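Notes follow the structure.
As written, the chains take the letters A, B, C and D, and residue 1 is the first residue of each chain.
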Amino acid sequence: MRLLFVGDVVGRSGRNAISDILPGLISDYALDLVVVNGENAAGGFGITEEICQDFLDAGADVVTTGNHAWDQREALVFIERQPQLLRPANYPPGTPGRGATVAIARNGARVLVVNVMGRVYMDALDDPFAAADRELQACPLGDMADAVVVDMHAEATSEKQAMGHYLDGRASLVVGTHTHVPTADHQILDGGTAYLSDAGMTGDYDSVLGMEKDEPVNRFLRKIPTARFQPALGEPTLCGVAVEVSDSTGLAEAIGPVRIGGRLSEALPTFW
Amino acid sequence: MRLLFVGDVVGRSGRNAISDILPGLISDYALDLVVVNGENAAGGFGITEEICQDFLDAGADVVTTGNHAWDQREALVFIERQPQLLRPANYPPGTPGRGATVAIARNGARVLVVNVMGRVYMDALDDPFAAADRELQACPLGDMADAVVVDMHAEATSEKQAMGHYLDGRASLVVGTHTHVPTADHQILDGGTAYLSDAGMTGDYDSVLGMEKDEPVNRFLRKIPTARFQPALGEPTLCGVAVEVSDSTGLAEAIGPVRIGGRLSEALPTFW
Amino acid sequence: MRLLFVGDVVGRSGRNAISDILPGLISDYALDLVVVNGENAAGGFGITEEICQDFLDAGADVVTTGNHAWDQREALVFIERQPQLLRPANYPPGTPGRGATVAIARNGARVLVVNVMGRVYMDALDDPFAAADRELQACPLGDMADAVVVDMHAEATSEKQAMGHYLDGRASLVVGTHTHVPTADHQILDGGTAYLSDAGMTGDYDSVLGMEKDEPVNRFLRKIPTARFQPALGEPTLCGVAVEVSDSTGLAEAIGPVRIGGRLSEALPTFW
Amino acid sequence: MRLLFVGDVVGRSGRNAISDILPGLISDYALDLVVVNGENAAGGFGITEEICQDFLDAGADVVTTGNHAWDQREALVFIERQPQLLRPANYPPGTPGRGATVAIARNGARVLVVNVMGRVYMDALDDPFAAADRELQACPLGDMADAVVVDMHAEATSEKQAMGHYLDGRASLVVGTHTHVPTADHQILDGGTAYLSDAGMTGDYDSVLGMEKDEPVNRFLRKIPTARFQPALGEPTLCGVAVEVSDSTGLAEAIGPVRIGGRLSEALPTFW
């Protein structure tokens, strides 16, 4: 089975990358399932119902989020009627929406997608390790799930790597999001789980985290805001990671980076 | 001019990568200057005089550090007699050692190397932007320096990218360290500065940050230490970044990742 | 019923305050129950079985802790056989010891004592609000408990005040610890719960947090450690808070600060 | 000389305390100089020119601020024409306004007032210790200043206590602000400097930090904002600290808390 995970989509530039590039990838490479992190899709802050639907229309099967999940207040409402949109599973009980879902891939496989959020240098949610554990026990790989994808939305590489090792052998892919920079440490861990610390941002890399760079630089220099953050509108790079999942075990057979367009070096999996 | 920057060397495994791989790289590819971040070289924590000398013997021209600079207390003393060892320039006035130096490359070029440390999610040192500015004004590219390398030791990608843009056109390379994970966002910024958010760790990637993984995972799960952190001793990956610097302008002509050995995907610059 | 809560005891100076002052207070003022936070009792870091026993011998009924609970490794073992020693209740399931206990006061009343730890600027434990809620529902005031004392070990005043309001009407006393500075905001909240943001430290106030002041000041100035932290050994102040609890409702009738000895202004409740 | 320092004024409730109570205090007790921290005066966020003028009209000689200094954007402009309004001195060079001023007290004394901001758990400004040192060297106590007041706006008690010890003998008063809770650790340090970790908030203490309590409690429980923060509008407590300064040495002869009105226990200095 062929999976694609696409990192944090930022603003219109990032959304254009999804609508322009994703459908072709799905058809050209016969992708079975696509997950897109959309937490910054709406002007850099959150996601609207319309944008979420656009992503699904472009071929995304599941949309994940993170600390920006609720920046667009409507998300608190429409997430309840949109089972393909996830928010981190380790929000407190009673939080609208869900943190995990089972999607049916184009090849018919049942793919559990889990979204959790780290706590190092981030808000103090419930334990993401316990939350991931709970979701994976409720729908185990090789039993009720044919593949498992975990989006570990987190700042610290230590916490992401620890999550990878903790879930090794129980997930097809553990991939980080949130730093908006793709990492090059993709590997298959000893237990068979594909791992990448960060999928990177989908947006304009002539920026700071996808946002027009002048104001962020100004804030570091002057320590006083002088303007709002605005998404950078230059040519986007679609950033993500591809995994070949064993149809028999649900574990990873291959992992490779995907970087298309914009300023970053082009990358396509050799196994595509 | 051909530069190589090697990311945080962790423990014996990482040190072996330096002694086994670096000399061959220098001779095979005629590298003009090599900078190595050595802040985790001594068992994961700091650097000793002997290890620093080993790095220089293996061909490093300058050794940079970061928040772990002083973990080995002897560094406070020997750094005074070792001008090729840097600590972040934005430590308070009076701190032993120096945060910048001019090294003479094998081609005779004068290369200013600057080490600064970010403040987001890190200790509150002096302003790294002001410190970098000061060093670059004291020894400007194209005037007193033929090339300029800045090691921005920092956690947050936002702060690293902001530093890249702030120094764009004034440095040959701005490269991040500290997260121990190589990023894949190498590019040449509009002003001609090569940029990479993190060079990655030189050490064993079957680990958490280069340390044996059981105890870090345990601490995330249990919140109680049960053992000391120990460097992982598996096969190392040498991680870094190569830059081709214009002999006329000192700006970057090409940038590419270097990953050799161990568990990560191999990478050598196409321009080598 | 007459309660006394004593804040973080630091080092030998603080321990002397307990042994010298506490027994007299108990007999002079007919205190029914005494809780002591002992997380810094052993040289500033953690608590040993012997010290814990000394506190109990001096008249403490329950000893609470916080982020320093495990600094003395033996605490992980002896806490299992010492039901009067608490660690924060919001450590993960499986943590040694317990986060709440019911003590029988000298007047025969059943007093639920709960220890929780905040998460703002502190380690990411489980939700302290949910943990406190769980403990209070398992042993409700006016039902299974005649009085309830909650030690909210936390840094941020916002989180402490929020805990006070959250538990208002369900606890006799919500008192903060951890900042090592007594606050003067004691009041009875609208629901009848006595509240104080921080009980303060029991130790030498010619110090930084009870530790000899030179090294802490040095670290702020130089950003490099030059020595270990040592408890300050000057004359101690016993700091705490007294509450008069209604025998019928278990709610607070009066609250007042207690400061005895050392450099701080003397305070004894007017209702003693 | 008789000084009064009043802690963070929050919203209309806090402003009413200033206009209703301060003028009477000044006349009744012949106060020579009054400093008011006004960083939360405008709806909890920042200060306007009109409010600043109201404070001066009510008798304040100097108004200090902190991390909320610029919440009202007009402050960036009017601070330039209002020398009695301070922002932390350790903002970067080029920041509008000033971090220190010399006010002439009612008794004719020259009082240096310095505003600095801590960095622990706060934004990474320049070194507050170095900044305070610079200001005090430029206008030393006993030489160009007859009294020195330092507002150390900071979260961590450790950093505030360290500042007190660092400036001991060089200031008449080092007082903390920012936590919005008055502390009870007032003392005169060995070198003669009066010290208090936090002056407390001037506003409604049936609140979280002076803001209506429901939304702050909700955010701790739910981790999702559901409303804006609004200042609590109940009866205010004016919170501050009084110092008797020696006319000959400029050092402190006495220090005592001031708490008037509202829910907190009343306090007036015995030496008034």
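Everything below uses one rule, namely that contacts are C-beta pairs under 8 Å (C-beta built on N, C-alpha and C of every residue); 3 or more make two chains touch, one makes a residue touch a chain.
The chain lineup, named per UniProt: A, B, C, D = TIGR00282 family metallophosphoesterase.
All values derive from a computational prediction rather than experimental measurement.
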item	value
Interface residue overlap between copies subunit C and subunit D, same or different (over half shared)	same
Where subunit B and subunit D are represented by their mean Cα positions, the distance between them in whole Å	43
Subunit C and subunit D, separation of their C-alpha mean positions in angstrom	29
Multi-partner residues of subunit C (each touching 2 or more other chains)	92, 221
Touch-based graph of the chains, sorted into line, ring, star, complete or other	complete
For the subunit A and subunit D complex, residues of the former touching the latter	70, 76, 91-92, 94-95, 123, 125, 221-225
Partner subunit B, residues of subunit D touching it in the complex	92, 119-120, 124, 126-127, 130
Subunit D contact footprint on subunit C (complex, rising order)	121, 129, 155-159, 161-163, 165-166, 179-187, 189-190, 197-198, 200, 205-209, 213, 216-217, 220-221, 256-257, 259, 263-265, 267
